[in-house]
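I've put the structures underneath this note.
Here subunit A shows up in two complexes: once beside subunit B, once beside subunit C.
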Partner chain A sequence: MSLDDIKETFFAECADQMSELETGLHEIQSDGPDMDTVNAVFRAVHSIKGGAGAFGYNALVSFAHVFENALDVIRNDLSQVNEARMDLLLRSVDVLSDVIEAERTGSEPEDSSGLAGELETAFGLGGAHEEEDEEEINFAPVMIDLEAFDAVEAPSGRTFRISFAPHASLYLKGHDPLRFFRELGDMGTLSVTCDLEALPKLNDLTPDESYLKWQIDFETERDRDDIEAVFDWVDGECVLSIEEIGGSPPDGDGENLDAFLQALEESGDDAAPADLVDIDDFGQDPETASADAPAPANPVAELVDTIETAVGANASGNGDQGDDGNDNAGAGSKAEKKEVKKASQTIRVESEKVDRLINLMGELVINQAMLAERIGQAGFGSASPTGLALVELQNLTREIQSGVMAIRAQPVKPVFMRMSRVIREVCSATGKRALLELEGEHTEVDTTVIEGLIDPLTHMIRNAVDHGIEDPETRQARGKPAQGTVKLSAYHSSGRIVIEINDDGAGINRERVLSKAIEKGIVARDAKLSDDDIDNLIFAPGFSTAETITDVSGRGVGMDVVRQSIQALGGRVHIASRPGEGSLFSMTLPLTLAVLDGMIVKEAGQTLVLPVSAVLETATLKPGDVYTIGKNNRVVKMRNSLIPIIDVGRQLGFSERRDDYTRGTILVVEGGKNGLGAFLVDSIEGQQQVVIKSLESNYQRVPSIAAATILGNGQIALILDCDHIVSHQSGEPGPEIIQSMAG
Partner chain B sequence: MLKKILTVDDSRTMREMLRHTLANAGFEVVTAEDGADGIQKLRESQPDVVITDINMPVMDGFEFIENVRKFEEYNRVPILVLTTESAPEKKQRAQSAGATGWIVKPFDPEKLTRAVNRVMP
Partner chain C sequence: MHDENEQTTIGGEEFIAFRVGEQEFCVEITSTREIRGWSQATRLPHSPEYIVGVINLRGTILPIMDLSARLGMGSSTPSERHVIIVVQVHDKTIGLLVDSVSDILDVGPDHLRPVPEVNPSMSSEMFRRVIVIDKRIICEICLEAIMPELEMQAA
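For the complex of A and B:
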């Protein structure tokens, strides 16, 4: 993996951390601070800073540093959270994200020092960046100085006498005296003597006690601080004294490192039992070890046994040996086992791979439908072994499909979280005050839908604050809280996802919208439009109330672009407004853009597909079931209500109105917010999974048609947009019909 | 046989950086995502040196070090702490937990390698 790849990883990770950060801060803002969330938020910034440092993104490091310090204040005392500080932190999130973006694209990051200063002031960070030896390796700030080796010949420095007596705990922290000597050896010349005086007889020896001391005569050009730094990390783990004895080393004029190491190894052999050091460490050359060992081979083996038993006994209970944490070794490891189990296993997969899988799955669905068709034609019944095998294949395909779709399904939360930034930006640009409220943010939907959702959602949220929420004074004058609320919610409904944006602002000014629409020639001057129709005029192409265009929601795109991008996803958008109380934008989108369970019907020679999820029941009508309301409106009484009969072929304009409603089949279809519709078709052909092929991308948007598909026999069929058909069954054309006629 | 280093860090970037640096320096690298994962990887891979972050979810670096030191078969494995934090009390805590050394991020590849070699058994 190259550094560039790692950079990519870094920015991908930044995105994850940012969403974590934003989510966390949001939770703190709405539910108050709790330690876990604060820690997660802190970690996110901390991680970004760490990675940024590795790549030398200095602007990012310095801002993240201040941010982190601010969060640290909260981490140390949760009661430090207040509204002003939270605001500042949320603004910092935006700036942090901008700085990351600038670093990613290699552009000049905007100056973040202003906000950094605000953070420092607000959190009492004392301004001065503690540039505390960031680059230092603290336990051993030593350079390998080749000159020091050269200088061995003619040492011309100071001589120190170091006495070093490790406590047993030193060995328990991964230290090995040899390494300190080695390190000193890098800085000068030394002679080491091991003091064995405290070493007891083998029988009296406690294997995990420390008995050895060393005296080191060290000649170096470095000063005392450098020597102390070598032992910095064993401060408190040993008795150490460093004393300058001046001139030249007392004996062994400049012994070289090898000689010293050898000396150490020899002393180590004797010392092995005493300082808990693994026998292997010293026995790198076992033959030499046993040959050099003071006692014959047999006692060595005995010694090993002794050590093993002693260590074993020690581990199994009485950790009476000075150092904390050893006492409950047994309990500790059990707890860890549990924790290890808990760690969840996730893998990261490129989305391209998943996309390819989804495409293949689509092909599989078509292929299976074709196979089913052929098998039917060949005269195999559904109860024949071939038929049963086919059913099994169908079940498997379905399972694979839902499995594959589940891979791509993601909660809408990250997109929702982004909107809180949008709201903050609009608020600061307009001087309004608004808070984002989330509901159902864990609702899952296909990633492609999520991606397509970002732009329209951003635009609608902007719109809701800019045009919906009143300024604080007006709100108070109207008896509303100064701070407006924009509620963003998501839920599943009949196989689709519904996303709603509900603001408590002023609602739509219908008079102005209508006059604008008439002025722009979008509706006829004498058109009779319901309130609902007027509200939805804002989605009409060419409609943008010029005087309300602002920096915020203007940007040259109207709500029709929003509508188009939602329709491109196979979705619909609708607005309901209550003057003075607010507006509700609702979007319904398919959960996936890949396949759907289709009900295949025939009408006037055409094969059509309805989403099974929309069909509530099917029936054949008897003469007495049909009532006429008004001039031409036929309804059927079912489910204790009167449901309008929709003659599908006629509504879509490819067949004449039929006279006899009893010939044909009725499908009771749920048309979203528009209630029910009784779709009248010639016959029902069956159910099958169909692969959704967008018409829009290849042809253009056609009202009442959601998409097209390829059936098992290779025939192309249209998938109906049931909601649209139900909402436009009255015969009175709504705005969308007008548009399609105009465009 | 290559000397083996276990790195414990919750940041993917850091893990990859460490792998990159240490593999270039001729070490075999095993990575873990947090302390709990680290304990498991420690048992599986028997590393010669451990490098750990402090601030991690599930099990933080302090707890990780303490836990490693509880296993008598691992209580002598050198553990280097690699973190952006440099507060003395944090160092003190890491030390009393049983850390062998402390390196402050961002790390310089050369210095890191040198530090690892210094504690390598």
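For the complex of A and C:
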């Protein structure tokens, strides 16, 4: 594993931590602070800082450090949370992710010291955490409050006995025990004894093994957390025990149990792992951890037992989350959490490997369809043993298919979380106030769909705040809370995912939209449009209501682009607006881009596939249904609307114009900006799931064709690009022009 | 003949030669993936006439190019007797529809000639070199030049 690989892993983990962090802060914001969440958030920042330190990302370390200290204030006293501070913390998340990104790309990180300063001011940081500053001094220049530092010099109060037995891996990673002693030395007085007992004779000595143990008697007025913090970066690389052996706990710590009990509690309630056991991932439960630990000195082993019992007892007892270390329940609930975390293990897999599996899955589906066709041709009935075995196989395939698809399915949460940042940015740019509410963020959908969602969602959220939410004064004047709400929700509905953006802003100003649309020539001056029609005009190409191009929404991308990108994903978008109350954008998208529900049709001797999602209805034509407009434009009258008839075979250049329109079947298809089209085909063959195959991978984009698929007989069928066909339907000059264009 | 044998041993370049109409052409054997018989292709709309359609090559969509039409020698009517040479050009795989495969050649540098200046409007840029062996003249197809998207860009 090269250093670059390790860095990559670090940044992947950073991304996880960031999402944990953001989730946690949102929970705190919406549900109020609770200890577990605060701890989780703190841990996230702490891990980022730790990793960053190892790679020497100084800018990241120093900002994460301030961030961590700010969180620590909350961790020590949950009542310290207030709105302004939360806001600051959320902004810090954005900056932190920027700094991470900058470190990842190797670019110059933006100056984060401004926000770091704000954090320090807001959280009254400075003196209280200098011992950690000291810890970081190797990596980054951090402020040290000398006054407070002096105060530490005078040791008072507590004595800890620390036994520290590094594993060989600690040295491998370049740590030096001496550094820890020095750091401890800065926090108090210590006497270090080296335990040479394990040291073998020179003959038997393996140079890269670790034989030395240290026992440190440490007198300090700091508490256990601070000591643990010193050893934090060697989690899992040493056997560490910290035991308080004397002195009185400082006032105001909220702990009035005796030192030993306190040790027990802290072993559970703090993010740091159990004191006496092999420090490892939080997921590891004390039992295995202690078993892993190379048998330490006897008293320590005894203590392990005690702790296990204590933790176990707590776990079975009170399940409540205790406040910061003032009852044992904290330890109990933590122990349970550890169990839970261990249960949901995840693995990282390159998406290419999953893609390959999905491709093969597609092959399997095709082959199975072929097999079914052959078996049918061979005259085996569905009740024959062969037929039954085939049904069995089909069930199995379907199960495997959904299993494979489930691997790629990811919750929409990361994308949703991203939107909260978008909202914050828009708010700070416009001076409006808005809160993002999430619902159903665990709804799962194929990763390719998720990726395609980011841009349109970002744009719609921006729009919702920029054009939808009013400024605080207006809102209050209208009797709404000054802070607007944008609700982003996702749910599954009949095999598709529905994503909704609901704001409680002003809604769509229909008069303005209509006048704008008329002005831009999008609708006729005398057009009679329903409210719904007017609302959906904002998706028309070339339409943008913002009178002045704002920083926020006016980036040359209109809602039509949003609509197009949603349609490119095989989805549809619709808006419903209630004036004065807000707007609701809803998008329906397929759950995957690898498989499509296809309507199989025959036309001009070719088998073609249409996405079922685009087909609104099918009908056969009667002689009176068809009208001719102009020279050669035929329309069909259906439910009082006139829909242009598109002769698919002719449009694709497969056949000549047909004279008798009543012989075929029409499919009313929703396609793109031009609305509906009545596709005329010879016959409808049926409906089936088809695997989408790209034409571009070996050829190029073909106009009017979205992709291809392989049918059960091994033949390729083309999947029509309905949007393109509807919007490029040519009144008369058809194939010739297209031919010359292509050739 | 003695000459040729010697060239084989000193490692000349290998080509697959095939017939299109009355002429012989070839492609480098290293670009060739497989040779297969004709199977019914699905027509692609709005495509140049030399693209016969697409076939299913073990799950991959393989476009088939009528080489005769591509070289301006008139469209062929695909039949059972035709052969598809599957070639790889960069990251794309494409099938060339030809009349028949005629030979596998191992050619030394002596037999490789530059393409003579013929009518520039003709397809000379589609050839890379000309192989001259005895009385046979075999043009090496420049696969990059015949790929359809390159032509689209040029147009």
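Keep this in mind: the second predicted complex is superposed on the first by the 381 of 743 C-alpha atoms of A that agree within 3 Å, B and C clash if a C-alpha of one lies under 4 Å from a C-alpha of the other, contacts with A are read in each partner's own complex, and residues count from 1 in each chain.
Basically, a residue touches a chain if its C-beta (ideal position, glycine included) is under 8 Å from a C-beta of that chain, and two chains touch if they have at least 3 such contacts.
Because the structure is a prediction, the values reported are computed rather than measured.
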First (subunit B), second (subunit C), both or neither touched by A:G653
second
Between subunit B and subunit C, the one with more contact residues on subunit A is chain B
Looking at A:R43 after the superposition, I want to know if it touches subunit B, subunit C, both of them or none. Which is it: first, second, both, neither?
first
Output check: A:A54 vs subunit B and subunit C. Expected answer is one of first, second, both, neither. What do you get?
first
Is A:P703 touching the first partner subunit B, the second partner subunit C, both, or neither of them?
second
So in the superposed three-chain picture, is A:G362 touching just subunit B, just subunit C, both, or none of them (first/second/both/neither)?
second
According to the stated criteria, A:T448 is in contact with first (subunit B), second (subunit C), both, or neither; which is it?
neither
Looking at the complex, which residues from subunit A come into contact with subunit C?
359, 362-363, 366, 606, 651-654, 693-695, 697-700, 702-705, 708, 710, 714-718, 738-739, 741-743
Which residues of subunit A touch subunit B in their complex?
1, 3, 5-6, 9-10, 12-13, 39-40, 42-43, 46-47, 49-51, 53-54, 56, 61, 68, 130, 132-140, 144, 171-176, 179, 182-183, 233, 235-236, 276-278, 281, 311, 314-315, 324-326, 328-329, 332-333, 336, 339-340, 342-343
Residue numbers on subunit B that touch subunit A, as the complex places them:
10-14, 16-17, 19-20, 33-34, 36-37, 39-40, 53, 55-59, 66-67, 69-72, 75-79, 83-84, 86, 91, 95-108, 111, 114-115, 118-119, 121
What residues of subunit C sit close enough to touch subunit A in their complex?
40-49, 51, 53-56, 58-63, 92-94, 148-149, 152
